[in-house]
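After this come two complexes, each holding chain A, first together with chain B and then together with chain C.
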Partner chain A sequence: MELKDKLVSSYVAFENRVETDSEVHEIRSKALQNFEALGFPTKKLEAWKYTSLNAVLKQDYSLFPNKENNIQLADVKKYFIHDIDAYKLVFIDGKYSSFLSETTHDTFDVCLMSSALVKPKYKAVIENYFDKIATKDNLTSLNTAFASEGAYIHIPKNVEVEKPIQIINFTTGSEAATLLQPRNLIVVEQNAHVQIIERNQSLTSNPVLTNSVTEVFAAKDATVDIYKIQNDDENASLVDNSYIEQKSKSIVSVHTFSFGGNITRNNLNFFQRGEHIDSILKGITIIEGKQHVDHHTLVHHIAPNCESHQDYKGIFDERATGVFNGKVIVEKEAQKTNAYQKNNNILVSDKATINAKPQLEIFADDVKCSHGCTIGQLDEDALFYMQQRGIPKKEGKALLMYAFANTVLESVKIPEVKQRITKLIAKKLGVDIGFDL
Partner chain B sequence: MLKIENLHASIEDKSILKGLSLEVKAGEVHAIMGPNGAGKSTLANIIAGKEEYEVTAGNIELDGEDIGELAPEERAHNGIFLSFQYPVEIPGVSVTNFIKTAINETRKAKGLEDMPAKDMLKMIREKSELLEIDRKFLSRSLNEGFSGGEKKRNEIFQMAMLAPKLAILDETDSGLDIDALRIVANGVNKLKSKDNAVIVITHYQRLLDYIVPDFVHVLHDGKIVKSGDASLALELEAKGYDWIKQELV
Partner chain C sequence: MSKYTEEQLEQELKTQEYKYGFYTDIESETFAKGLNEEVVIAISKKKNEPQWMTDWRLEAFRVWKKMEEPEWANVQYEKPKFQDIAYYSAPKEKPKLNSLDEVDPELLDTFKRLGISLDEQKKLANVAVDIVMDSVSVATTFKKTLGEKGIIFMPISEAIQEHPELVRKYLGTVVPTTDNFYAALNSAVFSDGSFCYIPKGVRCPMELSTYFRINEGGTGQFERTLVVADKGSYVSYLEGCTAPSRDENQLHAAVVELIAMDDAEIKYSTVQNWYPGNKEGKGGVYNFVTKRGLCENNAKISWTQVETGSAVTWKYPSCILKGNNSVGEFYSIAVTNNYQQADTGTKMIHLGKNTKSTIISKGISAGSSQNSYRGLVQIGARAENARNFSQCDSLLMGNLCGAHTFPYIEVKNKTAQVEHEATTSKIGEEQLFYCNQRGIDTEKAIALIVNGFSKEVLNKLPMEFAVEAQKLLEISLEGSVG
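Then we have the complex of A and B:
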């Protein structure tokens, strides 16, 4: 059976497992109809021209893994940023692991979507925010239809969360192939502040497809920093659909580090709904083999005096392929917008490919919008210069690549995250140098 | 220390060196002069191991060992330093961290541990004072936006840090004002010892007022056509290179 048919026909079974007498379930059922009508994206869609899910969708995915799978902390500790104190929301094959997690309800909520969707305590927040900004496209609709588990984070007014929150989805490979659809909701009220680290990690080489949706609401003066670490097994694919709404004077940054996986597609959407907003979108992609990473970004400026900063760096070796499609819309009312977009790429091998497409739609007349896109190779003269000073070619190459990507790391606010990314880069490039540039 | 015999080299089938021989002993300073296009920079790059050049005949020995097959970094580890005519800009890598990496990679090649951070900092301070380099300068990206003089001072600073056996200064005087020239020459002179050697490649006599050579060689059309002592440089300055060319006819 085709995956689409399998999903649609499994909906009845899904309904037996969740609360159906609720507004949320009406939203789910509508989303299912939507997905039924749209189906999976194909290369015929402009937004999916360079990314094909065909091969990935052919797997016979287990949709609702039933087994309780336990994993030992010692085996997975390395996937956490373990040298910092953090709240943790850990899911194993889509099921919450209380053993590996550390939640809270003290002054703010770091807990589970499954309880937020049903408990009266959370009803108002769910009604106000659940599925409010996620677009009704094919894969987001699919996620919404089966939305039942994920992270629920609610930070009330003026609360500064003192330690970061790590959200990790592990897949154990207990099923031949696993489909995961985490659904996250992050609501950050006025003048509140939170930092979030996300990771999806497959623990075996059995195929995994993760189709996640995250909605983030940043109220007036809120600050939200999100770090996405994508360094998964080469049989694990990810579609990360993130939707972020910002109110006046809020600052939201998303850093995406894409170092591995089969097919990785990031749909990162920012909707600015107020003045003096700052949106920061940054990414480093370093891939090789036949890996594929696609960044689709959207920043929608609708009010005056706002800023957006995009800086994406890509390094592609062997037959790796990359896509960068950065769309900026500046509405007529959004005067004095300062929108900046940069996308620089290095093709290490002549078999590697990058498809870069900046898209600027500007309807206001008093704005500062710039974009720059480059595709190049490593500078041979710089390599010889470094070799002449005793730095071997491999280390020299790594140093050049690290220096190239470093502008993205400068804005990472958690030192331990920065260190971890630096180490991952050194490991990716096969060198043992500290890069403490 | 360095022995070059009958060296022939070409780039993209264009013959540039046509039977060059040169011997440099420890403690000596050699100047190589000659008109544009004579092959001076090619010689420097070939000694340093740049791969674009093809050595078609002859050999290069360092301390009795043929270095012809060694990679550029291996030659550097063996003590060869080339001060570039046009130092390359490397955005995102600071001067300090570049030189730290260079020193520690050289130590690694010799089976040594990284230099302790304290010793490294002390050495950086000493050598940057020698070259009259401002501290702030050391945290800037390597050669990025540096003036011509700053680039050359930075080259000699790196030379001081790496303490090479054989230093080749390729047109180090070009783009320098008289003060920078004095600082750079003073730095080179302080680093000179009976155990190392310097090859100064230059178009003009000017630098040789400060770094006094034991031998002066004139390179013309890929060969050394005349050798002498420091007075040869003065003669060249007075008479120009045409004099040599005419003598050859």
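Then we have the complex of A and C:
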């Protein structure tokens, strides 16, 4: 049976597991209809021109893993940023693991979507925010239709969360192939401040497809930093749909580090609803083998005096494919917008491919918008210079690549995350240097 | 060429919005509206074409019937009704003329008003002109001088008669009949156009030029241009277009094919000034054009275009860099005002080794217009050391218009070096203030700044065109200063 039919017909089974007498369920049912009409994206859609999900969709995914799977902390400790204290929301095969998690309800909520969707305490927030900015495209609709579990984070006014929040989805591989659809909601009220680290990790080589949707609301003066670490097993594919709404003077940054996985597609959407907003989108992609990473960004400038900064770096080896499709829309009301977009790529192998489409759509006249996109090689002279000074070629290359990616790393605010990423880069480039020379 | 003074400019800015909007009452023969196989055959018959040509047209027509109109472009318009267009219109047949004195005075007058004088002045300017009116070539000058060098420059309908081997060999090789909806339509119904062949090692001594004009109402213009530059030759080719002001939307679907063989160079310049519609966006020409060039080893093709007219433009002059060390260039200024829409850009397909391409695109939008740049830079897996530089700058005037960039970059070779940059801005208040301080009024200051903005492209135009283009820019933007 085709995956689409399987999903649609399993909806009845899904309805037995969730509360159906609610507004949320109406949203779900509508989303299912939407998905039924749209189906999975194909390469014929402009937005999916360079990324095909066909091979991934052929797997026979189990939709609702039944078994309770437990994993030992010692086995998975390395996937946490464990050297700092943090709140943790851990899901194993889509189910919440209370044993590995560390949640809170004092002053702010870091808890589960499943309880937030049903408990009256959260009703107002869910009504105000759930599925309010997620677009109605095919994969997001699919996620909404089956939305039941994920992270629920609500930070009230003037609260500065003292430690980062880690959201980790593990897949144990107890099923032959697993489809996960986490649904996260992050609401950050006025002048609040939070840092979030996201990660998806498959523990075996069984195929996994994760179709996650995250909605982030940043109210006036709020600051939100999100770090997405994508270093999954080579049979794990990810479609990460993130929607971020910002109110005036808020600052939201999203850093995406893509080093692993089979097919990774990041749909990152920013909607600016207020003045003096700053949106920061940065990413480093270092992949090889047959890996495929597609960054699809949208920054929608609706109000005047806002800024957006995009900086994506990519290094592609072997048969890897990189896609960058960045879109900036400046509405005619959004005067005095400053929007910058930068995408730099290095191809290391002859078999690697890059498809870039940096797109600007501008309707306001008093704006400063620019985009730059380059594809090139390492500077031979710089490499030669280093070799002259006794740095071996391999290390020299790694140093140059590190320097190339460094503009993104610089703005990472959690030192431990920065260190971790630095180590991952070193490992990825096959050298044993700390870079913090 | 006489010097162009500020007074003249001022005068021109005061004149009507589209000065080429007149209609010439020349007796002409127009086919009934509608399109079917009979019409295609009739056009072919009319032109006295050999059987292979008729078959070629019919095949294109059959393909076209199965195709759908493209909708991906960033433009909105009411689709042309293809059965409501007359596919052939020609000034009434008259005996072959040997000198210009014998030409219908009405026709000559038309050309005078268009600013093309077919006589002395042009001889001094040294430009050979082929004029296509309502899809039919009406006059070609300098045929003899060119003939001495072995250069063939004639209407394509005549070329089909006189040089069928050349036309048959090259027609449709760069833009196949099946290429796209409008190219297929053009292949089926094109009635005339220009054909140019430069023999081996010949450097064409003068600029070749084609002037297109739509005159009759209810017709479409479908012309076909084929330029073949044999090994080591050089040619510079100019193209200009105008149409009367009408309330209806007229369709112009042309195909231009360039072939630059080893070591050859083709420079193709266009000043497109079809009727853009009135201030409310009524009427105007739909300009759906397919232009493409093929470069063999060490060849070079350079496209330069100034797009100021047309209600809707859909045009992507492209280069296929097949040969090693070949070079492709694209320089473009697209100006849109009032309700004009332009979706234009280029494709650079790098296949050979050490190929280079440069793209400079300047978009200026004013009024309620939409201006898009859409480009593709593709580096094939075997294109070692390919190099591309693209720059797209947009200038916005007022907040009712829009500027869009859709660059596609696809690279499959690690030695490639590709750079793309784009900026969007408005005319700086400081810049204007600086000019005002020095006694230059705002309107003139804007003309000055726009000129500076487009200089990189204007510089690439041949002299005769550069002046015309500069004037056009100013007129197109008239009244857009808020």
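We adopt the following convention: the second predicted complex is superposed on the first by the 436 of 437 C-alpha atoms of A that agree within 3 Å, B and C clash if a C-alpha of one lies under 4 Å from a C-alpha of the other, contacts with A are read in each partner's own complex, and residues count from 1 in each chain.
Assume a contact is a pair of C-beta atoms (placed from the backbone, for glycine too) under 8 Å apart; a residue touches a chain by one contact, two chains touch by 3 or more.
All values reported here derive from a predicted model rather than from experimental measurement.
> A:399 in the overlay: touching chain B, chain C, both, or neither? Say first, second, both or neither.
first
> Contacts for A:379 in the overlay, against chain B (first) and chain C (second): which applies, first, second, both or neither?
Once the two structures are laid over each other on A, A:379 reaches chain B alone.
> With both structures superposed, pick whichever of chain B and chain C touches the larger number of chain A residues.
On the superposition, C touches more of the residues of chain A.
> Would you sort A:387 into first (chain B), second (chain C), both or neither based on which partner it touches?
The answer is first: A:387 touches chain B but not chain C.
> According to the stated criteria, A:407 is in contact with first (chain B), second (chain C), both, or neither; which is it?
After superposition on chain A, A:407 lies in contact with chain B alone.
> Based on the superposed arrangement, let me know which partner A:369 touches: chain B (first), chain C (second), both, or neither?
Only chain C is touched by A:369; chain B is not.
> First (chain B), second (chain C), both or neither: which does A:120 touch?
In the superposed model, A:120 contacts neither chain B nor chain C.
> Classify the contacts of A:353 with the two partner chains as first (chain B alone), second (chain C alone), both, or neither.
Once the two structures are laid over each other on A, A:353 reaches chain C alone.
> Quick check on the output: what are the common chain A residues between the chain B footprint and the chain C footprint?
Chain A residues touching both partners: none found.
> Quick one: in the complex, what on chain A touches chain C?
46, 332, 335, 345, 347-377
> Okay, in this complex, where on chain A does chain B touch?
379, 381-382, 384-393, 395-396, 399-400, 402-404, 406-407, 433, 436-437
> Report the residues of chain B in contact with chain A in the complex, numbered from low to high.
These residues of chain B touch chain A: 48-51, 71-73, 75-77, 81-82, 84, 87-94, 97-99, 101-103, 105-106, 109, 158, 162.
> Mind listing the chain C positions that touch chain A in their complex?
By the definition above, chain C touches chain A via 72, 379, 381, 394, 396-426.
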